[in-house]
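The letters A, B, C, D and E name the chains in turn, as written, and every chain counts its residues from 1.
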Amino acid sequence: MSLHANPAESALCNPAYLSVNNIEVIYDHVILVLKGISLQVPQGKIVALLGANGAGKSTTLKAISTLLKNERGDITKGDITFQGQRVDHLTPNELVKRGLSQVMEGRHCFGHLSVEENLLTGAYTRNLSRAELKEALEKVYHYFPRLRERRQSQAGYTSGGEQQMCAIGRALMAKPSMILLDEPSMGIAPQLVEEIFEIVKSLNVQENVSFLLAEQNTNIALRYADFGYILENGRVVMEGDAKDLSSNEDVKEFYLGVSGAGRKSFRDMKFYRRRKRWLA
Amino acid sequence: MFYREAGQFKTSYQADNQIFPLRQDRIGVSVLLAAAFVVVPLLASDYAFSAIFIPFLIFSLAALGLNILTGYAGQLSLGSAAFMAVGAFASYNFMLRLPGIPVLLAFVLGGVSAALVGIAFGLPSLRIRGFYLAAATLATQFFVVWCLTKIQWFTNYSSSGVITAQEIVILGQAFNTPVKKYLLTLVVVCLMALLAKNMVRSNVGRSWMAVRDMDVAAEVIGFRLMRTKLLAFAVSSFYCGIAGALYAYAYLGTVEPEAYNLDLSFKILFMIIIGGVGSILGSFLGSAFIVLLPIFLNLVAHGLALPTNVASNLELMVFGALIIFFLIVEPHGLARLWQIAKEKLRLWPFPH
Amino acid sequence: MTANRKTGDVILDLQNISLSFGGVKALTNISFNVREHEIRAIIGPNGAGKSSMLNVINGVYRPQQGQITYRGQQRKDMNTYAAAKSGIARTFQNIALFKGMSVLDNIMTGRNLKMKSHFLLQALYWGPAQKEEIAHRQKVEEIIDFLEIQHIRKTPVGRLSYGLQKRVELGRALAAEPEILLLDEPMAGMNVEEKQDMSRFILDVNDQLGTTIVLIEHDMGVVMDISDRVVVLDYGKKIGDGSPAEVLANQEVINAYLGVAH
Amino acid sequence: EDQFIPILSYRVGPYAAGGSGFFGGAIDYFNLINAKGGLNGVKISWEECETEYNASRGVECYERLKKAQGGASLVEPLSTGIAYGVLDRVGEDKIPMTTLGYGRSDAANGKVFPYIFPLITSYWNQAAAMTKYLGDKAGGMDKLKGKKIVHLYHDSAFGKEPIPVLEAQAKQYGFELIKIPVAHPGNEQQSQWLQIRQANPDFVILWGWGVMNAVAIKTAQRNGYSREKMLGVWWAGSEEDAIPAGDAAKGYTAMTFNTPGNYPVLDEIRSKVYAAGKGNLSDKSRIGSVYHMRGVTAAILWSEAILKAQEKFGKGKLMTSEQIRWGFENLNVDEARQKALGALGMFPPVKTSCEDHEGSGAVKVQQWTGDKWKAITPNWVVGDKALTRAMLEESSNKYAAEKKITPVCLK
Amino acid sequence: MNFFFEVLIGGLLSGVMYALVALGFVLIYKASGVFNFAQGAMVFFAALTCVGLSEKFDLSIWLAIPLTMAVMVVLGLAIEKIVLRPLVNQPEITLFMATIGLTFFIEGLAQLLWGSQPHKLSLPIEDVPIEFIMEKFNILVSQFDVIAALICAILVTGLALLFSKTKIGRALRAVADDHQAALAVGIPLQQIWGIVWTVAGFVALVAGLLWGARNGVQFALTFVALKALPVLILGGFTSVPGAIVGGLIIGASEKLAEVYIGPLVGGGIEGWFPYVLALLFLLVRPEGLFGEKIIRRI
């Protein structure tokens, strides 16, 4: 189902910066997880990837950043291009050098390194002088003041949200031109969630950074995104402009939690919901 | 298409909890057991029994023991040979000092002695983890062998420090031919494998795996770390102890404490890693691999008619390279490879 | 409020709890209580000490100061095993499942305290041991059905997506049929639809089994809708405690946590 | 139709140097025999199997080869562990096993161990020979009184084996025996040598193995202990033990049951085997090295046993392993026979019987000159054989009782 | 009393030799979380190659050493490419096992190339007592050991600086914590591992030369790894200074125990004593003296 034309086409002025073409992913040689996914991220746009638990969002992101190999996953079909070049054979390090960074799901901070050291590793690919490094650090601390307070603590001992901030901050240190964000809002306090998305927006607007974000907080994701894809069971079941998506009835009901009558209280859901599945 | 579960519905949890829920597996295992108990004794040569099948079974048992500790309970140990030694020397002394004791009882007592030693050396595992523990278990290895050489009582003051296993007599039957020894070993190993399987599919097994995967969480859920870990050490050492006794009684006959050296510990560790950590089947596959591969390589090297010292070194290199190769192909061991093969068969002829 | 659910007496009472790690003060002189059968939410900004609070309640952390009264019993700190034994179960913020085990086995571990047969019997898998195993399996299957994870029953949890793992973890805690259920961000990484299910589910457990629930959650919608009382932490200090509406109106809470009004 | 001899060799691992020398020597001699037309026309065939000095691999090799090519004539694993592993089996399979200079000392009693032949010297006789030599060196056995002798040994059954003999002799001759064990593998011996330095003994018996020997020599040097006063067991008396110690080894003495030097048989091996490109050692300069010569010696004794058997059971025929066992039990390689073989004085004369499967017990003492070994006792040294005989009887009878064997000579 | 000091000093200096080997382990563990069982084999390989080159081609040892280093670089890079790269993100035990496979391979290769004969290795450092100490205090201190200790000190300082002060050091530690995340931030795992294994090869060469000069260059050099393990766990797997402190403690206490306790129990306790000592110590500090605390949090 397509609410709109392909986003890359819909924004002709923006050629696809990142493009995933009909990829199929198999874990462990037998478990087929992605069954032909195609998506585009135009330069300077924010694209949201939505879908239920286990739909394949994280897998898609890992396929792009080529981290999949190390989890015994293989791309068996299709290809991925970034800045017009095939990238599926590159190492993650080369991708970061080209400007594509990923924030992994589940934080993955370096537990034994301090928060600040964690951030510094983020700048590994950039050869920065001491002053530049400091400046970059300052910027992250500006975004996340909490991190400044905890800079000397070993990351392994910080709270869940602090680790999440640390992971995001670390990716920002690489000064990427494109960021893959896997559930950035997870475990983050509400006002900070807004802030994180503000950061995303401002990086997007001011520094022309493109984003592909997998997010469960559909509400806010669609508020900030330009385009959206909805995944289910390893397939794209719906795609289109964020605005169009958020006004779609199904999306509204199943992803935004608003049905015709507006937002319902969680307590008032008297029955388990009939799940809408686009795919049988 | 041959390997399908389609049409095999489980109508009770009991049926679903079976060791081999699939009919094909059940048939396969029955065939295998029939072969092991009937066909092999009829057909195999003495060489096959005493150089391949018996050591294979004994090593499988030891690997099973180590797998319980390392694979299921997550405590990496480099001291399995020491527990085997305890089992062997204890059985020997029970036989020697309690005349008339049934040999199987002596084995069990040997196993129990090993279990007690296991508990003693397992105590540090409450605090020490991972490779620290692994390196620390070397203390067991060296200490036990040292004791057995130092304290001559254990070897009945034999001048050369070796013990000679007494004859195995069960119910008036002397187990003195390779076939008989093989059958005895086979029965013991099958029984113990069954017990092991039962343990790992019930609460004990789950407690071990829980401790392995995340001990803090296991504690929060209500498993008692100390009990769980020590039980794992005890059961594992018991298995190793029995294997050690069989190693002396059904395999070598005359052994010195040195026979249970670090190399043997490592060998058993290889078995479980190659075979599959945390898999009963893996213990058997790994043991087969480690027992058979060198023989196979030796034969191949012979076929190539290389100069012998070149051949010997090449064998070693190929052995090492193959270990690495298998790890790369499947880090979870041969057992997982087998499982994946089965899953593929299930889908066959469709690729996914 | 649902008819058959009555908030009872205080079941768990924490007095002047202080906890610090080196220089970091995670909790400073906090007192609060939980009543039987209620849903008690803990909210607060990141690093406020919410998870530490739960860790104190079930004995993972030992507070330097303070007193815990659980069901009339006073003590300085809890012990994890004792806590589990006396009916406290929980889920964790950073998933703490047993990665190598299947979903079914993971949930079965939740019932370990209810399994009584001796390990030798288990080794024989015979008689009472087998019966027990199957009886518990039945219970666990109910939970699995409930969580809609039948299709992954035999999958090792390490292979599941984040959200599915969260569900399994809840299943494991539920399997213990606890008196108090501590939930640390159970709905992180779920979409609205899934959150609705989860809320319904928590309410049901609370309703039908009378389980007391302590819940940490960042989704204010959920917190406001389903909790009876809310405690707000900030920088290890308590800055608010009361009904959702009261807390929502508290200016300090708005400043520290909510930011833009909700 | 060849006389088959399995070779359970080890050419990798820590003891590879010894293994390749020994088995290389044996194979060289086989080739020599075959080049010269065999044993009364019967050629020798052999097959090698790598044991890695590991008991269970050794057992596998034994089992694999015992029935190969018409059946094994004899075995020799050159490894204590493997020897134990096949000890019971050779009895059942009726295949004679030689353990040249190692293994159970009490196996020399052929009534209890009919299939085991610890030829030339057992550990006990060697230990007795050591004290004899040290006594001679001190100027007579009575001069040993009040002397201090350190027994520095590999802390294993192997190293402890001579202790009963040494202790008995210490009592008898009144010297003080200080026992200092070295934990396997013995690559660090500072503490032992500090103890030795403090005790300042008159002699140090080095009952070592593998790397332990070179380290002992080196550490002796750094602690200023004279290498001349060190006397090694034959496992500590090869080039492989002295060379790695470098200059420190100069003057070091050790036991051997081969007199170092060149012999016609070695020349023959050079000219008939190596010249034909059939030599087993990749490095020709190792011909005549301690291990190589020991391998040649072993092969000579094996073929002598086969010849002896042929004498009784039919010249030029293929011998069964039981017949060869008889040959081993009735060996008589005296000097005349050695001379005929081109090996006069290369090893002590060997004469076996049912009661004495060892057949000699004589050894020599050699000294490292810096690049080679040189014999320093002109005659073969024999220790107190009465003592060792008594111990041997006692120990083997205990074994027989334990195993419920009635000691009896096989025919 | 003199004797006590002699034993103590001898022990401390032996400990330095152990530390030298332990250092190679620490290096690789700290940088990749791999417990490199092949370190002993690498020591053997390096020493044998060096001696083999110099004997076969009649080179001076000073020429053979850089040549050997080149070989070690090739070896290190090959290990990274063939063994480690495909095993990124695998459980520790798998990587550990792979290094055991590597051990067999390297041992076979070394003996295939250079034969199984032991060799002597003479470094221009004499292994004799330092005279003036001998005269003045009647305590025996080997000149060789002192120089070895110096070399070890230099290595330790260098490596400690590398880890704590440089960007690479930080990256190494990051890799040890989490392979996937390290890749995600753009740390080039391949290069890093190549570097680390090369440096470990260098450390192995140094250890091989010093140990080879003491023991002769022979297969038994692989056993020095067994001496290094207790040092490693006592000092902490992840600490460079820990290796040296652990070495000193193990060396000294092992010698003192052998001399003073050994005779009471029949001696030969050096085989297990260090392990038991380390074990007892671990009961107090489960991550060794200076090891990084194992983070166990939920």
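The definition used in the following text is that a residue touches a chain if its C-beta (ideal position, glycine included) is under 8 Å from a C-beta of that chain, and two chains touch if they have at least 3 such contacts.
Here the structure is a predicted model, which means the values were calculated and not measured.
Chemist: On the document's contact criterion, could you list the chains that touch chain A and likewise touch chain D?
Modeler: B, E
Chemist: Taking CA centroids for every chain, report which one is farthest away from chain E.
Modeler: C
Chemist: Using the average of all C-alpha atoms in each chain as its centre, how far is it in Å between chain B and chain C?
Modeler: 41
Chemist: Using Cα averages as centroids, what's the distance between chain B and chain E in whole Å?
Modeler: Roughly 32 Å separates the two chain centres.
Chemist: State, to the nearest whole Å, the distance from the C-alpha centre of chain A to the C-alpha centre of chain E.
Modeler: Those two chain centres are 44 Å apart.
Chemist: Report the inter-centroid distance (CA atoms only) between chain A and chain B in whole Å.
Modeler: Chain centres of chain A and chain B, defined by C-alpha means, are spaced 47 Å apart.
Chemist: Residues of chain C touching 2+ other chains?
Modeler: 60, 92, 94, 96
Chemist: In chain D, which residues are in touch with two or more of the other chains?
Modeler: If we look for residues of chain D contacting two or more partner chains, we find 11-12, 16, 20, 155, 183, 282.
Chemist: Out of chain E, which residues touch more than one other chain, so two or more?
Modeler: Residues 107-108, 111, 115-116, 226, 266, 268-269, 271-272, 297-298 of chain E each touch two or more of the other chains.
Chemist: All pairs of touching chains, please: list them by chain label.
Modeler: Those chain pairs which touch are A-B, A-C, A-E, B-C, B-D, B-E, C-E, D-E.
Chemist: Which residues, counting only chain B, touch chain A once they are in their complex?
Modeler: So the residues of chain B in touch with chain A come to 340, 343-344, 347, 352.
Chemist: Name, in rising order, each residue of chain A that touches chain B in their complex.
Modeler: On the chain A side, the touching residues are 26, 28-30, 32.
Chemist: Would you pull the chain E residues touching chain C in the complex into a rising list?
Modeler: 297-298
Chemist: Quick one: which bits of chain B touch chain E in the complex? Just the residue numbers, please.
Modeler: Spelled out, the residues of chain B in touch with chain E are 70, 76, 124, 127-132, 134-136, 138-139, 142-143, 146, 150, 214-217, 220, 262, 266, 269-270, 273-274, 277, 309-310, 313-317, 319-324, 327-328, 331.
Chemist: Under the stated contact criterion, what part of chain C meets chain A in this complex?
Modeler: 21, 24, 44-48, 51-52, 93-95, 159-164, 166-167, 185, 188-197, 199-200, 203, 218-222, 225-226, 257-260, 262
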